[in-house]
Each structure stands twice: as structure tokens, then as C-alpha cells.
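Given below, in the form of C-alpha cells, are the structures.
In the two complexes below, subunit A is the common chain; its partner is subunit B in one and subunit C in the other.
Up next, the complex of A and B:
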């Protein structure tokens, strides 16, 4: 579903990520694990087609994210870190807008209803986004990522800032969604990866430290789990 | 096209759900109300001074006041377009959806044009006031509004460009103010400064004040159409390019 080759991003003289090469098979939940500042968000922004890479390539569903950007973006539901939303809009209104710009023309109401259900925000559909709690906002962001039924979900620190109960709820939701979507989620918490992911890509200081099925990586890097837990 | 329409609709929600829109509209109407009252009383008290001009003609042309209105209020219609998206970081969710830069710029531009037109709409009532006391030249009035829309379309396009460049709404306002005042308006002053005919003609071609004067008496000059049309298109093209460049840095 995702393939990167020598993916590099520089900001001026600073190198955020260098020569990332990894792949993520279809139909899996994959954790993108690394400490803060390791280059997780930069990588996800490149995959989502927001930030062009300095060099190297990234493909999503076989489509290059730079040369075939529009088609690649149609395959992705992206939820950025800290979930930026329009506070002056109502939840349903916002999701309907997002569905429309994602090209859902027919049965948009049904698509919005489905996303509201899946992300468990149907009860606040008529509320203003600006009035919602952090947990709800996070799930509205998830509903936005889901609304066009993309095969791939890219979630940047989806449980950041939630309380323990909300985290458990969110993880359950992700596991359910894993049946239908490939999910690539970033986190700096090892337990999160262990709780929901089948595979893991570990990034450290802009380089890939390990990548593969969770058990394999764990066996290879005994003791590493303590680093970020 | 459908995407641009969706962005346009969202732009209207964003604009008219914010108190800023109403502050701008009230300030605009207070200012222009005073200006119009001034012209009305001048026509009534001292007809010799105003000659054959109706208060409506003076409202659109003749004085510097209509230029001042545009200078102060049109940057306010565009300052939030991109600067606000960048501040609230919705810029990122917008551009990770399958939208093109052209669609986004088009949606934002027409959204701002609608706000700009909404500012002017209540001034149509001034014509009814004039009609109570004397004849109204409806043709000239239509041309006056056409002029305001045409000149406004160039200023709004410039404002969208500046909002794409700027990091905050205030900076976007100031940049647009400077572009309109320092470039578009100042260029026109050249036609009063230079004596030589060809130079004077060039500056007269870009003279905002002179254009307003023409529009206010019902004269729609194709040169003005071309001038403001090209300023709009160039600004919007640059805004599209700016978005791409800003993402790369």
C-alpha cells in the first residue's frame, strides 16, 4: 500500500528525514514509532501529498505522491497532528464539506452518516466544532479521514492529548477500522503499537531503525521497547 | 469545478460566521453614509458648485473618497482567505484532500468577491433616496456599480495573493493596502505629474481615479476592462504559484 524509496526531506540545511526506504502491505495496521522530533510528521506529510520530498520517491497504492498527487490523495484519509478543524462549522456541515471536496457527489448524506457512526460522533452531529471536547474533536478528525472511504488511513499521533479512557476507546475503534482499511499511525508510545499494530516501522533521528512484523522487530531489538515507553 | 464550488460555500460560512464581517460592513456603511449625506446636502445647499452632477455621480467618481473607500475596505474582504487557514493549520487538511491549487484559489476569490459585493449592495438604497428629490440616471448608476465591481475584482485578486504570501491576517491587510495604495493608486498620479504626452497617456491608462470618473458618468472604457482584468488574472495566477512554493518551504 505504501512504498518509499530513499525518501529524504531537508528544511534549509537541516535534514528532517534521510533515505527512508520501507513498505507497508495492504490490509495491515502499522505503527510508526519514534521519539518526538524523529521525523514522523514530516514523513506522514510527504505521504499525504502535503510536503514535497527533497529527493527519493513515495508511492501510495502504486501511485507516486508527487507526479500523481491528486490520484494518490484520493486513496488517503489523512488526520494531521492535533487535528485542525473549522471551529465555526457544525460537525455534519464540516463533514459534508470535506466529502464534497473529496469528490463524493452522490449519496453524500449517507457517506457522512456512515463516517459519523464509525467515528462515534453521531451524537454531536449538530453541534459547533468549536464547542466540542478534545476527544470529540479528535474523532471528528477521524470521521473526516473516513468520509470518502479511502483504502489507506494515515493518522498522525491520533491519541495524543486524550485521557486514558478515551485512548482505550480510540484504540478499539482503530482495531475495528483495520478490517476495512490499511492504517499507518504514528506514535511515540510503544504500548500503543503493541495494543493495536501488527507491524511497526521505527524511526530514529530521521533514519529507519527497524521495520517489519511486530514480533520480528521485537526479537531483533530486545530492550529497545524501553526506550520510548 | 465542483470542488471550487464547495470551497466557495465554505468560504462564505467562514466569512459570515465571523464577527469581523459585520464590523467591516457596519464601518463601510457608516463611512459611505456620511459621504453620501455630504454629497446630498452639497447638491441641495449649493447647486452651483456641483453643476450638472448628481449626488450618485459624485459618490462613485469626482472625489477621492471612493478611492479611499476601496483602499481601506477591500483588503479587509480578503485578508483572512489564506492567512486564517494557515494560522488554524486547516491549510494542511485542505491540501491533503484531492484539490488543485487553481480550484482553491478560485473558490477563495469568488468567496471574497461575494463579500465585497455584499458590502456595496446596501448602497443601492441611495438611488431610492435620490429618486425622491430628482431624476436618477439608471444607466450611469449601473456603470458606476460595474466599475466598482471591476476595480474591486482586481483589488480582491491582489488581496488573495497577499493573503497567500502573508503569515497573518494583519500582514495580509497591510500588504494589500500597500499594493493598492502604493502601486495601483500612486501609478495613476503620474498622469498629473508628467507633462510629456506619451508618458502622461501611459499613466492615464492606469489612473484609478480617472477610471472611476468615467464609470460614474456611464462610460465603460474597454481599456479599463483590459487593465483590471489583467491585474486580476495575473494576481490569481501568482497566488496559485505562491501556494505551491509556500508548501515546499
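Up next, the complex of A and C:
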């Protein structure tokens, strides 16, 4: 579903990510881990078409995110770290607006209803976004990512700032969504990756430190520290 | 859990294709699923997941012994993701 090759992004003289090569199979839930400043958000922005790479390529569903940007973006539901919501709009109104922007002309109401249900925000559909709790706002952001029924969800720290109950609820939601979507999420919470993800990509100082099935990544470390002679 | 096997010199199949050899070994052991098989020098590390309680581990070890494979270690997967993360990044509680 996602394939990157030597993906690199520089900001002036600073290299944010360098030569990232990894792939994410269709239908998997993949955790993206790295210390602050490792390049996670930069990578996700490049995948989502928000930021052009300096060099290298990224393909989503076989489409290059630069040369075939519009088609690639139709495959992606992107939830950035700070969800850009309109506080003066009501939830349903906002999602309908977002659906229109994403080109949903037919059955828009049904698409909005579906997103409201999937993201568990149907009960606040008529409320002003500005009056919602942080957890609800995050889920409205997720509903936005879902409204056009993209096969790939890219979520940048979706549980940041949520309380433990909200995190558990969000985690359950991700598991459900994983049945129909490929999900690539960055997070600060490793238990979240262990609970939800099948695969992991670990990035450090702009480079891939490890990538693969969760158990394989763990096993490599175990093997390195406990080989018998 | 991680099973460290020593295929010994006469087990050429393990050197040529450890994944296929491991799959043939684990297939049929009730309650176990092979997750990966990787060569580690002269050893092969199997990562298996137990899907139910019972004698699956004993069955696997017995099968290894019958097949003439050396069993160097059988251990739970001790490497939590957090430990892996810290080992790889040197980060302190910050993912």
C-alpha cells in the first residue's frame, strides 16, 4: 500500500529524513515510532502529499505522491498531529463541507453518516466543534479522514492529549477500522503499538532503525542479547 | 517465544531455506504458529506464537529432538518493544 525508496527531505542545511526505504502491506496496521524530532511527521506529511520530498520517491497504492499527487491523495485519509477543525462549525456541517472538498457529490449525507458512526461521534453531530472535548475533537478529525472512504489512513499521533479512557476507546476504534483500512500511525505510546499494530517502523535521526513485523523486530533484539555459544 | 535451534551440519535444508524448514517442523504442532525463522550464524531463531495453553511447546521440542535438531534455548520473548526502542534510539521514555 505504501512504498518509499530513498525518501529524503531537507530544510535548508538540515536533513529531516534521509534515504527512508520501507514498505507497508495492504490491510496492515503499522506503528511509526521515533523520538521527538526523528522525522515522523515530516515523513507522514510527504506520504500525504502535504510536503514534497527533496529526493527519493513515495508511492501509495502504486501512485507516486508527487507526480500523481491528486490520485494518490484520493487513497489517503490523513489526520495531522494538530487537527485543523473549524470551531464555529457544527460537526455534521463540517464533515459535509469536508466531503464536498474531497469531491463527494453523490450520497454525501450517507458518507457523513457513515463517518460519524465509524468515528463514534454521531451523538455530537449537531454540536459546535469548539464546544467539544479533546477526545471528541480528535474523533471528528478521524471522521474527516474517513469521510471519503479512503483505503489508507495516515494518523499522526492520534491519541496525543487524550485521557486513558479516551485512548482505550480510540484504540478499539483503530482495531475495528483495521478490518477495512490500511493504517499507518505515529504514536508516543508503545503499548498502543503492541496492542493494535502488526508491524512497526522505527525511525531515529531521520533514518530507519528497524522495520518489519512486530515480533520479528522484537526477536532480533532478543537474539542479539541472548545468543548462546 | 523464541526457539534457538542448532540444525547441525547434516541439515542442509535449514541452511538453504530456514523458513521452509521451520514451517515443515512447526506445521502440525497444534496450538503453535510460526511467525519467523532467521539464520543466526550456525543457529536458527524461530519465533513462534502459542495460540492456546497446553503441550504445544513440549510437542515442538520433542519434534525437534526426533528430527535430530539441537535445541539451544526455548524462551519467552523478553524483548519488549520499549526495550527495543531504547536500544535502537537511546531515547528515554520518549517515542
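Here is the rule we go by: the second predicted complex is superposed on the first by the 221 of 229 C-alpha atoms of A that agree within 3 Å, B and C clash if a C-alpha of one lies under 4 Å from a C-alpha of the other, contacts with A are read in each partner's own complex, and residues count from 1 in each chain.
Here is the rule we use: a residue touches a chain if its C-beta (ideal position, glycine included) is under 8 Å from a C-beta of that chain, and two chains touch if they have at least 3 such contacts.
Not measured: the values here are computed from a predicted model.
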Mind checking subunit B and subunit C on superposed subunit A, clash or fit? fit
Looking at the overlay, what does A:125 touch: subunit B (first), subunit C (second), both, or neither? neither
Taking the superposition on A as described, I'd like to know which of subunit B and subunit C A:204 touches: first, second, both or neither. second
Would you sort A:66 into first (subunit B), second (subunit C), both or neither based on which partner it touches? neither
When the two structures are overlaid on chain A, which partner does A:101 contact: first (subunit B), second (subunit C), both, or neither? first
With both complexes overlaid on chain A, does A:213 touch subunit B (first), subunit C (second), both or neither? second
Contact-wise, after the overlay, does A:38 reach subunit B, subunit C, both or neither (first, second, both, neither)? second
Looking at subunit B versus subunit C in the superposed three-chain picture, what is their shortest Cα distance in Å? 23
Residues of subunit A defined as touching subunit B within the complex: 11, 45, 48-52, 70-71, 73-74, 76, 78, 80, 82, 84-89, 93, 97-98, 100-103, 105, 144
Which residues, counting only subunit C, touch subunit A once they are in their complex? 2, 4, 35-36, 38, 40-41, 43, 45, 47, 49, 72-73, 75, 77-85, 87-89, 91, 94-95
For the complex, which residues does subunit B have touching subunit A? 2-3, 6-7, 9-10, 13-14, 17-18, 88-100, 247-249
So in the complex, the part of subunit A that touches subunit C is made up of which residues? 33-36, 38, 187-190, 193-194, 200, 202, 204, 209-210, 213-223, 225-228
